[in-house]
Every structure is written in structure tokens, then in C-alpha cells.
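Lettered A, B and C in written order, each chain numbered from 1.
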Amino acid sequence: MLKIDNLHAAVADKPILKGLSLTINAGEIHAIMGPNGAGKSTLGYTLGGRPGYVVTGGSVSFNDADLLALEPHERAAAGLFLGFQYPVEIPGVSFVQFLRESVNAQRKARGEEPLSGGDFLKLAREQAGRLRMDMDMLKRPVNVGFSGGEKKRAEMVQMGILDPCLAILDETDSGLDIDALRICGEGINAIMRKPDKAVLLITHYQRLLDYVKPDFVHVLAGGRIVKSGGPELALQLEEQGYEAVAA
Amino acid sequence: MTEQVQDQKDQAAREAAAKVADYEHGWSADIETEFAPKGLDENTVRFISAKKNEPEWMLEWRLKAYRHWLTMPMPDWAKLNIPPIDYQDAYYYAAPKPKKVLASLDEVDPEILEVYKKLGIPLEEQKVLAGVEGARKVAVDAVFDSVSVATTFREELKKAGVIFLSISEAIREYPDLVKRWLGKVVPMHDNFFAALNCAVFSDGTFVYIPEGVRCPMELSTYFRINAENTGQFERTLIVADKGAYVSYLEGCTAPQRDENQLHAAVVELVALDDAEIKYSTVQNWYPGDAEGKGGIYNFVTKRALCQGARSKVSWTQVETGSAVTWKYPSCVLNGEDSVGEFYSVAVTNNFQQADTGTKMIHNGKGSRSTIVSKGISAGRSQNTYRGLVRVAPQAEGVRNFTQCDSLLLGKDCGAHTVPYIEVRNPSAQIEHEATTSKISDDQLFYAMQRGLGQEEAVALIVNGFAKEVLQQLPMEFAVEAQKLLGISLEGSVG
Amino acid sequence: MTGARALPTRKDEEFRYADLAALAPLWPVAVEEIVLAAGEVRALTISNTGSQAVVRDLSIRLGAGAQLTLHVLNAAPAYGRIAVRAELGEGSAFTFGAAQLAGGAATLEVVTQVTHAGPDAISRQVVRSVAGGTATANYLGKVLVRPGADGTDGEQSVRAMLLDRTATANARPELEIYADDVKCAHGCAVGELDANGLFYLQSRGLTPADAKRLMLQAFIAEAFVDAADGDDLTAAALAALEQLL
């Protein structure tokens, strides 16, 4: 589904990704772990097409299309979802309004009929319930006044509503308490653990992986993937630290 | 300056003036006098130019400004309450005269001595400032006792290629440099007081920092507190060539009394590519007595031309004196990615009035400006911030941040903020915030409960309020400025 | 600003950014007096969306404890000037929300002077302007706190957004304060839409144009929060916004 080939990327003229290669097939859950500054968030933002993140080499294909040639909203319509490490507050724009417009924008891009107001609310309620979110929260402006944990759960609700094929989740576990962690983990499993979907979890600590067991674990250091393995690699990292394992 | 040199100068001036003043009018015979006759007319301008031994082009320049000044009305738009100034009732040139020589510090006005003590000025310096006989005469470039300090100072500057001398000397010795930039930043028609200054300026500083040179020491007019000069219409021009850096200090925390009521200085700064000028002012002109009488009117035009790419000018000022202050140190940001900064603390007490602020004119792409203004009002004073941030249509990516805070001490004073924001480019990000507050009873009680007297507590809190600006000052100034804040607010609380 | 005077010039502070040529045929403007008795609560709306130039001059006095909410939508394609002077009595409250949508070659301005004459009064002003084409959107707003008006709580939140390099935004939020026990603040920002916000919306599938529209809509709507007829006003404002985009 996703093939990253020798990707180089820079932010503010500073090279961060230095030849990263990774292949993710449908039905797989991958985890990328690494020390701070390794380029984990840069990978997420670069795949999402954030302004300021410049690709200086390599290629990325997503379902056989050139991902890097697409604008951010086109990547979303193609089935990509980026879970932000720091979800953005947008005063004055309610979640419900925002998500309904997003769903319909994506459906339009794919040549599908838009959802009616009623159908959308039903979908939203369903997804919100799964993540134990009150519909009232979704009537508030996007992320305004939300705690860290609430923001992350809201990201998961969005993911449920938008139903992507590939979810790239950037440090979804940061800022979550034990209960929220479990709820998010269960949410990810319910929404994305399917034979035609895939997940790339970008994480610093291994605890989310207790709930969302990855098929593959990769270590990102110095802008590239330096080691790959199965789920046991995560435990090894936890015990020995990044330096020992990545050496 | 020694008596001998003074005599020589006067002699030369007399001869020059005699050549120039070829009139039937009687006064030309009186060039012996130390003052130009009262009033201002073309003859006064010629007299000044002659006294300064200026070349023809300089006299022409002055006359052009004078003639223009005659056509200009005095502005009154600020929130100031000024009795009309009679421009004919003043002396426009006073030959440098030695300060009254005192036998000892005992003869100095005890009020002034009190201030010197509070400011922590060493005894020797106090003697110099007060003009005590036997104290080293304040020479042009040094305040301290040893000759070697003065010599080393000059040597170092010379080695670095820095030109630092009085503007009159510069007009004679570096006419091309001066001609190139004088009046380019503040043209003579810019405003009423600028025109007046162009016509009658009689002193000031010229600084030129050559390419790539970082001026090895902070330049200071403190060094130039000249026993002989009144500095009434000063004109300063500082030019930093590509990649140069200079930090310039103006003013003195010691109270400056002066017979002259009106001070209309002009300061022009020019920064070329990658150059930086840091200009700091601590001003404590006589504010008038507790009734507000007799204080000094301080109308200054200060402007920087950030002409070069990545050029930077920072204005930092601590204003605690003058009866009336009217100054807007500004930056014209023409260079791409140029930077302008303005940090100000203005304190007004008793009947003082201050209308001060800045103008940041963004013409260059990527130019940025920062404005931090702290106004402290006490007594029956009025303190106004007046600022302009303007973004031209072609200026892409401009950034400005402005913070104006006012602190009111007492019920009878006023604090005003008048910002103008004019934007013509969509990519600009301009942010302005202003707050007004008073020292809360809680804060005061807390400080006093810990042992501070009321005035000490107020000084502490006020310094905290002004900290962001004070920390921009070069160290010597910063320490004195802090003390000055406390002193200027004496009697304001309770 | 009273009707008896000659046509103002650029030297008159309150008209420094005005379109005097457009003002001339409408001058002098009759002053509309609005007086709220002590304790009275009222809400007013001015919606300027027609195609004619409009100049209005309101003089408001709030009695002790009175509350007035005034919402203004200034969106005419010609010249629109809404001037409001409000004098606040003890304990009164004045809430003002204005949205300006300036397109074509229009000059739109909102000019306010809020005087806290008595103690403990509250004033809140929220102004949101969007200017496109070669239009100009202006806000001049003075908050004057008289001696003795202790307990004053005055706030101004002014923001403007330019859509084209040919448009202009001018703002002068002013504070003139003669009492010390007051809480006065103003914030004024002119700038682009937050890039992070735009990317976030686009990453969820909204096209750049839609993302921009959504954020601008939210921006404008801030002026009409808590308006009784907020929905209608917002709808009208959004319709005007569409004309600009």
C-alpha cells in the first residue's frame, strides 16, 4: 500500500530525513520508534504534505499513485489520515461542521454522493461513542478547551468518521492517561485492524503497543531506519534503550 | 578645551564672520559677544555657521532649512498642553562657556548632591559633573581622571578605523561622508523642529563605522559632557557601513539643569547591509519644580534608516525628565529582512507630559519590528504612547509585535495609548497588545510586609514592570536607570 | 462628528482614513440619539448590506446599570461608515460586535468612542474585518475613562484580514485613561490565517479554498457571538464574504 523509497526531507533548510525506506502492505500494523529529534514527526508531516517540509530526494507511492505529487487534501481523499501529535485549535469552527465538510469533500473528490445531515450525525455519534466522547464535545469549536487526552481521542473519532485506508498516527499516546490510552488503543484496533487497511504508529514509548500490537517495529535514528524487527524489538528497546539497540 | 584653544577658535570665528557679514548692520562689530543676539533670523544662522567655521555648502544648507522653517506652523496634535513658545525670545547660539567654578562640593545645590548619592556616582565624578574647581576639566572625550584612559580610548578607535568626533569637526574633516547622509534620514522639511534644528544646530556627534568593523567599545556622549556646551540643538549622525556594529549611549542619569527651555535635537542613523546600531538613551532633563514651572521642553526627531539587507537598529530609552517630552525614535525598514526595535520606559510625575512612541515603516520584504513600551504615570502627569506600524504593499512577509503597558500610580494622572496600524500587504502579521493597570494594594502590602518601605516597594514593583526594557540597556546604564526610576517616582505614592 | 459642522477633512482625527468624496454628498449626517434608562436592557442591530453608501452617527447614553448590545454588519460595496459614541453610566454594560466585509473599491469604517463616565461599567468590543480587491477596512476606536470611573473594565479585540495585496486595513484602538483602578486592555492583529490551522483542515480533505473559507467564516462569526439574531447576521455576513472570495 505504501512504499517509501530512500526519502530525504528537510525543514527550514535543515536535512532531517536522510534516506528513509519503508514498505507497508494492507492489513499490516507498523510501529516506528526512535529517540527525540530522529525525524519521527517529520516523517508524518512529510507524508501529510505540510508546508515547510521539503522533500529533497526519494519517492513515495501510495496505492500505486505518486503521493508526493498530491496536495494535502488530495492525499486525504486518496485515503491517508494523519493523526497530529499536537492537534490544532480552530476557534469558531465546530467539530461537527468541520468533519461533515471534510467527509463530503473527500466523497466528492472520489465521485461519491455526499452524506445527508442526518446520516452524518448518525456516523459521528457512532464513532464518538466508540471513543467514549460526548456528542456535546463535538459541537464545540475544534479542539478549543480540550485537554491533551481529549484532543487525541477526538483525533480517533475523526479517523473513525473519515475511514481512511492508511492511518499515520504521530505520538498518539503522548499526554494520555491509562484509561484514555486503553480507549484509544481499542479504537485504533476497531477502526483500522482490517485486511484492506494499514496503520503506521509513530511512537516514543512502547506502552501504546501493549494495546495495538504491531506486526513490524522499526527504529528511526539519524533520519533513517536503522533496524527492523517484529514486536519483540519494541520490548528490547524498552529494556536496553535506543543507543544500545540501534548501534 | 583650554582657554588658549578657545581664544583661537573665537579669533577664527571672528575673522570668518567678518568676511561673511558684510552688512551695513551694526551688529557685525559685536562678534566679541558670547551670545548671538536674541531672536532668530538669517543673521543668526550665518553667525552660527561662521562660529563653527563651516564651509559654504553647509551655510547654504542651513539657510535653506531656515527659509523653509518660516513657512511651517507649529504642530499641536499631541495631547500636550504647552504655552505658546516665542521663538524670538531665545538665544540660538551661546558660545561654549565654562561652567561656574565652585570651590567644593559644599557649594553644590544639596538637592543635586542627594541625587548623585542615590545614583551611586563616585565622588570624583560628582566633582566633575558639578564643576568643582580642581576637578579634572571635562575634556571632549573623557570623564575619568586619568589621561591614559582618554588616550587609550582614542587609540583603540583609531586602530579600528572608527570615526567619532563632533559634528562640526566632521563637517570640516569628512565633508563627503557628512554630505552623503546628513538630512537623508530626517529631511529638513520633515517637521517643524527638524527644520529649526537644521538651521541652528550648534553641536552634536558624528560616528562612522567602516565595513566589517565592530566598534571596540560603547560610544557615549557621557564622554562628551562638555563643561562648555549647552547642547541645545544637537545634531547626531551615525553611519554603520556593511557588517559594522556600534553601541551608542546618549544622556546622563544625573539631572541636567539648563537655562535653555527648548531642546530640539535631531538624530539620524544609517545602517547598511548586515550592520547593526544599538542606540540607548537615558534622559533626565530637569522636569520643572513641583508646580511644573521652569522645566525643559524636549522635542527630538530620531530616525533610523535600515537601508541594507539584514540591517538592524535598536532604540532603547529611559525617559524620566523634561517638562514636556515629544519624541518618536523610528525605523524606516527598507532593507530586505531588516529589523527595527524600540524599547521604552517613560516615567512622568508631578506635571510632566510625555508623548512618545515610535514609527516602524516596513518597506522591505521580510522586515520585522518589535515594540515594547512601558509607561509609568504618577502625580498629575500625562503619559502617552503614540505609535505607527505601516506595511507597504510590496513588503511581503512582514512581522511586528507590539506590547504597550501602562502603570498608573494615583488617581490624578493619565495614561494613554494611541497606536496606528496601517497594513497594505496580506502576508503581514501584525500584533498589538496594550494593558493598563495600577500597583495593586496586595502587591504593595506583600512587599511592605516583607520589610520594604512604601517607596522602596513601589520602586521594586516599578522596576519589575519595566524590566523587559531595562535589560536592553548596556550594563552601566541599566544599573543607574533602575535607581533613576525609583528616584523619579519619589513622593508619588501615599 | 455633529451635523452642524463643515465637511471634515483628513486632518480630523476621526476621518483620517475616510473616503471624503463619498462622504460629501451624505454630509451632514443626522445624529441618532439612543438613551437607555437605568436598568434597561436592549439589543440593536445595524445591517449595512445594500448597494448605497451609508453613513450613520449614533450617540448612545446608558443609564446606571443599563445594558446595550449592538451588532453591526458593514458590508456595502460603496462607502459605509458607522460611527458610535457611547457614554456609560455607573455599572452599565456595552457590548459591541462588528464585522466588515470590504470588497471592490469600497471603504468601510467603524468608528467608536466609548466613554466610561461612571464607575464599574463594562465595555466589550469585537471587530472583525476582511478586505479584498482594492477595498479599505478601517477601525478607529477610543475608550475614554474619566477621572473617578474606578472599576472600569474595558476590552477591545480588533482583527483584520487582507485577501489581496491591493487591499488595505487600518486600525487605531485608543485608550485615554484618567482613573487608576481600571482594567483596560486591547488587542489588535492584522494578519493571515493560521497556516497550521489551514493544513489541519486540508489534511482532513478540505480543499485549500474551502479550508480558507471555513476559517474566514469562523473569523467573521466571532463578531456575532451572543447576538440574539446572530444566525441571521452571520448568514448575511457569510454571504457578503462569498462575494469577496
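Note that contacts are C-beta pairs under 8 Å (C-beta built on N, C-alpha and C of every residue); 3 or more make two chains touch, one makes a residue touch a chain.
Keep in mind it's a predicted model, so treat the numbers as computed, not measured.
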| query | Listed by label, which chains are in contact with subunit A and with subunit C? | reply | none
| field | Most extensive contact between chains (C-beta pair count) | value | B-C
| note | Note: subunit C sits from subunit B at a C-alpha centroid distance in Å of 39
| said: I'd like the Å distance between the centres of subunit A and subunit B, where a centre is the mean of that chain's Cα atoms. | reply: 58
| note | Flagged in subunit B as touching 2+ other chains are none
| said: Taking the touch rule as given, give the residues of subunit B at its contact with subunit C in the complex, in rising order. | reply: 79, 393, 406, 408-438
| field | Contacting residues of subunit A [partner subunit C, same complex] | value | 48-51, 71-73, 75-77, 82, 84, 87-93, 97-99, 101-103, 105-106, 109, 141-142, 158, 162
| task | Could you please specify the touching residues of subunit C with respect to subunit B in the complex? | result | 147-148, 160-192
| task | Please name which positions on subunit C make contact with subunit A in the complex. | result | 194-197, 199-208, 210-211, 214-215, 217-219, 221-222
